[in-house]
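Structures for review follow.
Next come two complexes, and both contain chain A; in the first it sits with chain B, in the second with chain C.
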Partner chain A sequence: MNDFSLYVARDSGLHKLHPLTKGIYVLFVLVAGFTLPGPWTSYFVVAFGILPLAAWGKVLGIHLRSVWRVTWPFALSVLLIQGLFWGHGEDLVSLGPLALKKEGVAFAFISIGRILLVMSSFILFSLTTRPDMLMISLKQAGFPGSIAYIFVTTLQIIPRFQSRAQTVLDAQRSRGLETEGNLLVRSRALVPLVVPLVLGSLVDVEERAIAIEARAFNSNHKETSVVEIPDSLLQKRIRAVLTAGAALLVVAGFAWRLLS
Partner chain B sequence: MFDSIKKDFTTRTLVLIPVAIAINIAVGTLVIYLKLPVYLDSIGTVLVGAVAGPWAGALTGALANLIWGLFTPNVAPFFYVAAVIGLMAGFFGRRGVFQMESPRWLSVVIGILFFFTLAYFLTAFLNRQTDATGYTTYPTPGELLSRYSIVFLLAIIAGALVGWFFLRNGGYAGLAGLATGVVAAIISAPMAAYVFGGVTGAGTDLLVAAFRASGAGILSSVMAQGAVSDPFDKMTSYMIVWLILRALPARFRTF
Partner chain C sequence: MALIELEHVSYRYPIGSGLALADIDLRVEEGEFVAIIGPNGAGKSTLCYTLSGFIPHFFRGDLQGKVQVAGMQAGSSTLNEWVLQVGLAFQNPFNQISGAKYTVFEEVAFGLENLGVPPDEIRARVDEALSLGGIRDLADRSPYSLSGGQQQRVALTSILVMQPRVLVLDEPTSQMDPAGTREVFGLIRSLAERGLTVVMAEHKTEWIAAFADRVVALYQGHVLLDGKPGEVLTSDALLDKGFGISRYTSVARRARERDLWPSDRPLPVTLDEAAAGFSHRSSR
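Let's look at the complex of A and B:
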């Protein structure tokens, strides 16, 4: 199975945790980072709530690299835009007509922390959770099977789709379609590339629908699964505590903002 | 209401949704390859909305961003925007927007109206005055029209060209796309401003920078940037779906 995912197989305690436990933990960490006050909060949450877990899951190196790769364009952009164009405030560094404002940099600092928190928590989850395991666990927790089907199928067809897109691109270019040049030339290439790609895949839909209906897709019987996902009472309790904690933080965060 | 939700999800629709999500991601990637100043990451969502109804469209949008978010986490927080895009495409689809043909002159009128409104919005926004008490005043229409007459003339010409050559007979779909784009811009701005400090790490950040430089706040800069880029983006997506549906055999047009 050629799945499209970030998953890295390692033999670690984090990998063995129930996917829902990790999912709820990510949710809790995000809620904590966004509701607790203070400019350093998100950095603290990343440093003490995410990175130790990445080390436990033996993916710290690849986690840091992935997070860096997706975060730096945002960080640079927010620092330049909010730092240079804050409007009023104290100059921190000035270079000719441009000046980094202290207030802008402070705001950018908070934003970068939040961006870092979103990126690192999601990536930690993806790195250590197999997508099909996630779906089986959601199904067992009572989610409709159709959502699980959509999720798993999407991950399987994305690589095929990307190669199909490449085929269409090559085919149209061999017929003389220009895909390089000025904006007008490139915009013109859009429709001859997108329409065949979509039409071809829509024709497949019919076939696939017949195939899965012939294999009892619409059956109301409860399915059994070959894969057992280990769960424990301790993990169930941790999930309950984290859910309650997240709810409490949301309520407390709202109350605190209303009062102050 | 519950029945209408259930009616949206036949087996064919459920099979279509993963394909639609893959379309979002594949075309989104293709657009990056072509270096075009749009996102076009909601074609699949609009397509499902158009053929399978609003609820299927909303589910497609939300799941698309959540699944994509496993690889590029920055799109995940915007899942609710994608859901609204799918929902709106579905309601427009029920009104037959993707089946109707507009006369070409109407497409020209729509194109002109859009570009004129855009030019008016931009010039008014960049020329607003904020006094010491924080009260903002905008220049009067007459003042703007006379000061920027060349800009408005160019906008009218560009709008007419876009209407005639791009929208062609799909004026209604284009108009629905513009409306969706405006809604998407408004509802996505608070998330972009609060979580991401107002940036996307992409080319559209230059617009945010320009608005910030003119003295606008973070939220209003993001909203103004969205109001410029999103209607273009959604209009193009709706037009592509309109073209696709016209090229499909009739039995594919409703699920």
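Let's look at the complex of A and C:
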């Protein structure tokens, strides 16, 4: 519905959860994935902590596609960099002077798992949480209105930025700018692409600031909301348990590292 | 009663050497619809920001002279006080969407939420404003899924819901196609007819001639002309200064040089005025 956010409207229990419940759950699975030992931990958390929720939220297909699109370039880079340049010992595959080391690949496997966990949890959160609901819940949780606004609109500005970048690229190409070819040609094209993009974005930011100021954004009144976010005692308890669990995992993780 | 009074107002932006406004005197009565015209760089947007309190509260710079709008004085009233009295809308409708709301209804409610208005009162006022803005059918749509004209009407409605006494518009139709322009001008006309004081910077002279009570021509930060739309928009003083001149005025001016336009008849701005003038000439 909203062209400038990832949110996908579905009639699901996950969509109806309070944004903070989902946010704290994301925090919990991230902490679990990063603190619990073992090379498979992050993959395990994604498989049993994220994907079933995506299915419950009726967004499994779009979730998998989005995660794949975002993750594979990072995963490939990490695999090559860590596989080729990290670790010692046995080669897994070698091609001339280049060799993928077994130790480096094993380390890359852990890193890729963590990237996968971060991407899949944030994407699931974005797919099932309305930005305005998130902003309201952040404000109700005590975040300053301006910080909550910046946090929410930043998520939406990324697609807008991509769209503007494409417009600038098309405009400069139509005026004969070479944007494809060797590194020198591409680096020459950078300035005429980046300068209008940055300047245009600054104008956008100034206009947006004026527009929200004109609507009393910095008013001293205590804000109200026409949108009610359903919450329950059960969800509040779940949030408390997840927060305590995350804190416990952090402490346990530190202790385990100190002792081992 | 004058709702807007500017006396000897000059303004210089923090970055930039010249005066953006130079010794401006302007008086606008309550309920008046005043159009501001001028070439690019004439000071139209600066004047709009001054009338809406963004100069000097948002754009710092150096402001001189007396600026009084709806009982507030520049310098002594806060921006929050200004936005309650003066609504501002500008060119790019996309950038006027808050980006934090999911539906048009919620978008229109944004300003009232910021003012801490109770939710029940917000719903009633938003309902009324959606009807006034002619966008009741868009209430459940995403603001981002709308056309430019629809988005601009949402932006205007989002200001109207705050019930300002003055509406300042900075080229609100400059990015609109003819259909969008018609939508937005239709709304502004209905607001002016309800007694709202409107100051609008605009290039589209034919629309101005049809709707405005008065036209102020700005040139290099000065008031060049101030008077009735028919007089200002056809004045020879606008020639060669980069002002947008109606095509009907240009045609009639050429025709007058060749004695094809009645010498006792003022130059036209709109199609109807031109048609009437040429019909009159050919029937003689």
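Things to note:
Going forward, the second predicted complex is superposed on the first by the 182 of 260 C-alpha atoms of A that agree within 3 Å, B and C clash if a C-alpha of one lies under 4 Å from a C-alpha of the other, contacts with A are read in each partner's own complex, and residues count from 1 in each chain.
The definition used in the following text is that a residue touches a chain if its C-beta (ideal position, glycine included) is under 8 Å from a C-beta of that chain, and two chains touch if they have at least 3 such contacts.
Every value quoted in this text rests on a predicted model; they were computed, and no experiment measured them.
When the two structures are aligned on the shared chain, A:D204 is found in touch with chain B and with chain C.
Using the contact criterion defined above for the overlaid structures, shared-chain residue A:M135 touches chain C, although it does not reach chain B.
Once the two complexes are laid over each other on the shared chain, residue contacts for A:I123 go to chain B alone; chain C is not touched. In the superposed model, A:T153 lies in contact with both chain B and chain C. In the superposed three-chain model, the partner touching more residues of chain A is B, compared with the other of chain B and chain C. By the touch criterion defined above, A:F217 reaches both chain B and chain C. Of the two partner chains placed around the shared chain by superposition, neither chain B nor chain C is touched by A:A171.
Of the two partner chains, neither chain B nor chain C is touched by A:V250.
Residue contacts after overlaying the shared chain place A:V226 against chain C, while chain B stays out of touching range.
Shared interface residues of chain A (contacting chain B in one complex, chain C in the other): 4, 131, 149, 153, 157, 204, 208-209, 212-213, 217-218. Note for the complex: chain A touches chain B at residues 4-6, 34, 70, 73-74, 76-78, 80-82, 84-87, 107-108, 110-112, 114-115, 118-119, 121-123, 125-126, 131, 146-147, 149-151, 153-155, 157-158, 161-162, 164-165, 169, 179, 183, 186-187, 189-191, 193-195, 197-199, 201-202, 204-206, 208-209, 212-213, 217-218. For chain A in complex with chain C, the residues that touch the partner chain are 1-4, 130-133, 135, 149, 152-153, 156-157, 204, 207-227. Listing the residues of chain B that touch chain A in their complex gives 9, 11-12, 14-19, 21-23, 25-27, 29-31, 33-37, 40, 43, 47, 59, 63, 67, 69-74, 76-77, 194-202, 205, 208-209, 212-213, 215, 218, 236, 240, 243-244, 247-248, 252. Contacts from chain C toward chain A in the complex involve residues 52, 54, 58, 79-80, 83-84, 87-90, 92, 95-102, 105-106, 109-119, 122-123, 126, 142, 144-145, 155, 158-159, 162.
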